[in-house]
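When the chains are written out, they are named A, B, C, D and E in that same order, and each has its own residue count from 1.
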Amino acid sequence: MRPENYQAKNHPPSHEFELNFGPNHPGIEGNYAFKVKLNGDTVLSARADGGYLHRGFEKLMEGRLWIQNIALVPRICVPDPVPMEVCYSLAIEELGGLEVPERAQWIRVMQLEMSRLAAHLFAFGGHAATTGMYTTMFWGVADRDLILDRFEELTGGRVYSIYNIPGGVRREVPDGFLERMSSLLDYLESRLPDYDNLFFRNQVFIKRARDVGAMTQEQALKWGVTGPNLRATGLAFDVRRDDPYLVYDQLDFEIPTEPGGDALSRNLVRRSELKQSIRILRQVIERLPSIRGPIRCPIPNPLAWNVPAGESYTRVESSKGELAYYVVSTGGDKPYRVHVRGPSSMHAVQVLENLAVGSRLEDVAQIMFSLDACPPEVDR
Amino acid sequence: MSKELNIWLDNLLSDIESVQFQRRNSRRVRVDVGSEALPALLELLQGRASYVHLSAITCVDWIEDGQFELVYHVWSYETRSLVSVHTRIPRDPGVYLSIYDLYQPAAFFERDIHEMYGLYFEGSPDMEKFILTEWNGPPPMRKDFDGEAFVNEHFHWEQYHPQWLKDLEEEGGGITVRPEDVR
Amino acid sequence: MTPLDQLLALSALTVVAVWLIGNRQVTGWNATILYAAQGVLLMMMSDLGYGEVQSIASSLTFKVLGHGLHWRFDGLSWFFALITIGAAFLASWFASGEWGQRYRAAGGSLRLFHVALALNVFSMLVLLASGDLLSLFIGWELVSWASFLIMALGSATATRYAMRYVTYAFAGAMAVLMALVMVYTRSGSFEFQDFRDAVPAMSSGSLWMIVILFVAGFGVKMALIPFHLWQAKAYAETPGPGAAFLGAISSRMGLFALVVVLVQLVGVERLADLQLVFPFFSARDLLSWLAVLTLIFATFTALRQHDARRLLAWHGIGQGGYMLLGVLIADDLGSAGGLMHVFNHATYQAVLFMTVTAVIHRTGTSDLNKLGGLVTRMPLSFVAMLIGIIGLAGLPPMNGFVSKWLLYRALIIDGSPLLFLGSVVGTLGTILSVYKLIHNTFLGQLRLEHVEVEEAPSSMIWPMMILSTIVFVTGYFPGLVLDWVASAQAAVGLPVLAHNLGGVPSHKGGLDMIWVVSVLLAGFGIGALVFFSGGRSKRVHQLDNYAGGHFLTAETRYQYSDNFYPGLMHLIGPWYRKSFRWLERGFVSTVDTLSQAMQGFYRVVHPSFYLLVAVVSALTWVVAR
Amino acid sequence: MSNELENIPIRQELEVLQSGQKRTNPLANVFDGLVKFCRSRSMFMLHYCTGCGAIELPPAMTSRFDMERLGIQPMVTPRQADILLITGYVSIKTLKRIILTYEQMGSPKYVIGICSCTVNGGMYWQSYATAKVLRDYLPVDVYIAGCMPRPEAVISGLRELMEDISSGRAESWKKYYQHYDYYLGNQQKLFGEDWQTPTDIIAEARHYDLMTEHTLGEHTALLEKHQKPLEALEMRLSVKDKQKV
Amino acid sequence: MSPGELIIELFLMPLVAFVVGLGMVLMYRRIGARIQRRVGPPFFQPIYDIIKLYGKHTQISHGLIHEIGIIMAVGGYVAAETLLPVPGMSGLADKGGVVTLAYVMMIPSLGLALGVGQCANPNGSIGISRALTAMLAYDIPFILVIFGAAYVYGTTNLADIIAIQQQQGPGGWGIVQMPLLALAALLSLQGIMGKQPFEIYIAPAEIATGPMVEMSGKFMGGLFVMQCFQLYTVGVLYTTLFLGGGEYWLTFLPKIFSVVAIPMMIAFVFPRYRTEDVIRLLWKWPVLIALTGLAVVLR
């Protein structure tokens, strides 16, 4: 900061004061900030301030090979990295006209849903912590860790797996993996009632979260809200079903919705999605052994791969909402332009600023966490 | 109903002369339009064809053509299809119209493009910096900004050359390609 | 000349002397010296204060229409007179230095101010000395007009509220007059003794009427609950030292008159026998609840104020509730608590008003949203305010705790949980609002325009320091005050509190403040030892502060002041808006209409002339019957 | 950036300078040992997710790996914290906040650089927005390399730090005071020469006898030229009547 | 009792309180760890923390009042402990009584409030504003309970209260004599200890741990010491009023530990209420129960 910042002439004579939420604040997800002006405990205005996690991904990707970027993309959203890989791979496959083998598609679906489970457990754990209920967070993170174990077994990496490559996946599913996955699902399912009793049906939590950061369906559509946050306003929209990719059109699952549009509804939607993800995973475990075949299609030498010129816009449903990649190729060995449309770029900026105004100081962190915004997606 | 709407839209867009229309598959449509007609087209798409969701606005810097390409991706919840509207505007002076009054999410994307490309949107509610508030250099996403050169100018690297590595090198092993050469 | 004559004469002389010296800087110092002389005269009567003499009469007597008017001092009067003269002495000292210069430079007349103050003291002494109901009434009217005079010196707001006060005071005077008439018709005289003798024979209906009329009349001055609307704003806008004086003692004259009438003459047992509707709700309960409601309502109104002086003035109203409640319990502990609270309240209320005035003197504002962080600039004022607020909040080791402890103990013995609850709610509300006061004034972020502020001048610091010392010392050794309180209890016929220097010995849970305070100080000593056993500390600038990991810049208002207790206000705010506001608006509109009329009247007819006419005609009517 | 800044040479290889005097009182040594032991057994770490490595901290803290059994607790504000975990790449915007946060922490304070990005820029070596070598700007006690290191690695790094603390090796926080000029110089190079934090490090070093000849230098001279330091608001006690009566 | 013995008692009582309080802090953290399915801190963790904090090399102060506030916070509790009789030591119990104790217990809060105010950080001030509001909420049922107990026992002297209960054996304990008041007191204990669901005043996610925001080193250490005293004080006070105090340390310690264990267990399975809900809840149920209990005992 500059010297003049410390030597102003006058204070604004006013009834309001400022508080900074973040970047170093437990009421914020990750390294992000927003400044609120308050009177008493009522928020008069809120202003988001990002860029703390800015690495210039889109610039970096223009300077690296197509295949190198696979290692880069999962870093864009740390809690839910798999959709990033899948979406980027899908974009390249579309440009290059690659036909992904069916087995690889099923493995990808399995991985996506595992990632969604992990992200949701993390998300409502975080939300519980903002309301002072650390036990939920401790349980949620510990259970998420069991999913990470399965990730590690499948891909070799706990968080960043770099497992999806254009044309398929890197490795075959290990022996016995599906059984262990199945027993993990049994365990998770047996834990759900515990979470319900501790958290989702906790009267104090319901009292805290109800009507917090509520938005109507019209507002949600107007502000570009997607994902569970949109479903919490009652609109059953899911990219997996309405703009299907991979093999989601062959799977049987529901799209849970809640009518409230508030923090409570958003959490309940995530809670129901846990169940749906488990359901999808069970179907995958059932079908995967019967689908034989290669796990990736042949691709050219990745170090000298000139992807045909063109552009593609691919979308997947990440745990936060609609994730999209716009990739432009001019036929070179590096992308000409990659644009990442993270769902949080709406949620963490505009929606948050709008919802925070008029809310209470107690609820600001809850709004942020219930939107499950992921700052690195915003900053890129 | 949504199918009818799709057909209606396809016919309509094919008929308009200044619009290049290209259907890629059942859910992706590419439209090329002149920069002066774009707001009207988007208004048509939003108002008459239920494309209410602005998925993204992408800017592509075609430096050789001296142009910015703006791509508006709009999605319809009813017809379940995505229209990508492409338009090109001259790189200099880099000013264009905001579509904030049609799509509110545009505010974020336009702000982002403004700070990353220096492309100004008239009528956008907030053109202040968001991510690069403490950045004084040129808009970094422009193709003429060389990030690597900037890095080499401003940062230096950790010199890591421990004894065990030296020993290895004496034996003739070690890192064959120096880090500088890799970069 | 008896000592009382000398005192009253000196007091009258003070008024004249101050008038003659005129609008000059020395006026204040002269007045201060004269108050000190009055204090010396009062000390010569200190036998009253220690119960060695029952009463000292004045040689001055009048005969009006066959009724003797006479004046005398007893233990109660001496106790109140001590507070009055002490408060006047310190207030006048406070006003004599830089404050007076500033006041005069701003166009105020020091002559008028000091005359008003001296007149107040004189009239209060006259009231305290009254020996029968008629002299009580005359003293009462004198006090009303004198305090109106000092209030009217303030800003336009103060004048408007002083006008409102005049309306109340007229109504109150009428009520008292009617009560006097009723007493006269029942007992045939204005003598205290005759009234006391006549009480047992009175029907409960007429006694009810008398009690209600007296409470209405004197309650105006005390700002009891339906009559509370004038006081806060009128006191708050009175020139600083005047506010300290008024806040310290003026309202307590109402309590004095009520104690004389209700406790000394009617008797609390008789009040407890007066049943209202239900057999278990008596006149005493009614008055106790009035006291408690005054306390709660005024305290929680104070919580909402954002002007330091109004906040204090509302507390002045609220604390009156404790005193009345204590007196109405009427056992040795409770009444001692109520009476001691008069003294305690006077000390800390005066010091609080003085610190706020000092802050205004240095910064020009008492708006709690425009202050903050002054502790580094005005540390002595901070200490004075800290001691004052601990006293006001009633926490050990200050004197406010002792009187409240007596009250609580009495309520426990009495077995009145709801009154107990009410008074605790009042205490807690007080803690909340005094923290807001000290936080928003002295703690928090120092505003840039106040960086160059200096400590208050010595003419302000000295009275503040003296008063804070009194607050602490009488908390450490409450026996000092309890001696006077005991003789005051004896004077009005209440059971006398058995006490020692440290407090109240009792095998059922007494209080020994010497031990409690000593152990508290020792605890602080140990705390300090533990604290300083840690590493050396380094002070940092206020901008070196946690702001969510962000840099704090000088333009940022990083101070929490407005709407300080939002959580509480979310809950009780609607009550205010609905019931209290409705009540207030109703009263205000009525009173405003009346005061408009009164203001016109005031301009046309000289009020004292009117008063004379009213009194004389009433008396004629009474005597002629 | 002005030429003035360019001309100042930058030294490398900093060492903690020990003060000459040794405690002779054996009891004091025992006491020092106790304090060091307690410092190593009670480490409050700052809850600041600076980068992607932060995602592996919740597992390390919560039920599965349970850092609390080692006496490590998360704390919220820099004031209470002993350890600053830099979990991954630091963008320049974040680096400013990290320095602010570091300076606000009470010494002894320890910095742990997690992930490869803190060592040498990691996979963002090309990025215009991230700082590369963390220890140029802050003294770092322990690096835990990896992308990203697993919770076990984080915990083993913390254990290493614990041993360093109890044996008295982890004293790099002194370096910041003793070589302030060097760190300030690097910061100025990146943030511009009028960079100033609210904490007055020089005064602090003076207060705690941590000044050496390297504390002040050309960079601090540059700092002092540009602004006056933020000194604490001292309590002023001066009662006087301005105008005599 | 000779003055010498009394002086020794006055030093011993706070010391005992501190040591027992350390055990309670450990118990709190261990209970939390068990409920959260983990191991929890080592046995000496509370004392490690305190020594570490006092031994910090640099201590950041925001001014004299910041320091005095912490001194008052610790010192107030040191004084309060001497008013609380424990087995073998009754200290100043006959000089103050339970009403005095209730008020002396407010001194640390006031001291803390002053210290936090001096920090010039609105986060801390908001925390204090919430803490004082919560005090308004929990003190009302608590003071009713104290009223009831003092009325029933006919004395405010805590040593006498213990003696009366012990004369009659467990049947004469306050919890048997006035179960409703004991229940109301237990509910308000949750608020006095400031644990969830009444924990809004430290809420890290909103105001970054409220009053503690600017506390570092020995300032924070002072708060840790204060927490030990606080847990001990509420445990002993409740035991004295309702569980017959203690004849011997062997029976006394289990009693006070089990009293504080109940709110601790509740704390880990609830989120926190908003401030106005704290007031609403505490003014509704505990007050109603306490008033019913009073109606029974006043009968």
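The rule we apply is simple: contacts are C-beta pairs under 8 Å (C-beta built on N, C-alpha and C of every residue); 3 or more make two chains touch, one makes a residue touch a chain.
This one's a predicted model, so the numbers in the text were calculated from it and none came from an experiment.
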| item | value |
| --- | --- |
| Neighbouring chains common to subunit C and subunit D, by label | A, E |
| Target subunit E, source subunit C, minimum contact steps | 1 |
| Centrality ranking, top chain (CA atoms only) | E |
| Chain whose mean Cα position lies farthest from subunit C | B |
| Most heavily contacting chain pair (counted by C-beta pairs in contact) | C-E |
| Centre-to-centre distance between subunit D and subunit A (centres being mean Cα positions), rounded to whole Å | 33 |
| Centre-to-centre distance between subunit E and subunit B (centres being mean Cα positions), rounded to whole Å | 59 |
| Distance from subunit D to subunit B - Cα centre to Cα centre, in angstrom | 39 |
| Whole-Å gap separating subunit D and subunit E, where each centre is the average of the chain's CA atoms | 37 |
| Subunit B: positions in contact with at least two other chains | 133-134, 140, 145, 147-148 |
| Interface hub residues of subunit C, defined as touching at least two other chains | 373, 375-376, 379, 446, 536, 538-540, 542-551, 558-560, 564, 566-567 |
| Contacts with 2+ other chains: residues of subunit D | 48, 62-64, 76-79, 93, 96-97, 101, 104, 126-129, 197-198, 204, 208, 230, 232-233, 235 |
| All chain pairs that touch each other | A-B, A-C, A-D, A-E, B-D, C-D, C-E, D-E |
| Of all residues in subunit D, those that touch subunit E in their complex | 34-35, 38-39, 41-42, 62-64, 66, 68-69, 71, 76-77, 79-80, 82, 104-108, 204, 208, 232-233, 235 |
| Subunit E contact footprint on subunit C (complex, rising order) | 373, 375-376, 379, 382, 386, 390, 393-396, 401, 405, 408-409, 411-412, 415, 417, 420-421, 424-425, 428-429, 431-432, 435-436, 438-439, 442-446, 507-512, 515-516, 519-520, 522-528, 530-531, 533-540, 542, 544-548, 558-560, 564-568, 570-571 |
| Subunit A residues within the subunit E interface of the complex | 17, 19, 25-27, 41, 128-135, 138-139, 142, 198, 202, 204-205, 207-208, 360-362, 364-366 |
| Residues of subunit C defined as touching subunit A within the complex | 369-370, 447-449, 543, 547-551, 553-564, 566-567, 569 |
| Subunit E residues within the subunit D interface of the complex | 29, 33, 36-42, 44-45, 47-49, 51-53, 55-60, 62-64, 204, 208-209, 212-217, 220 |
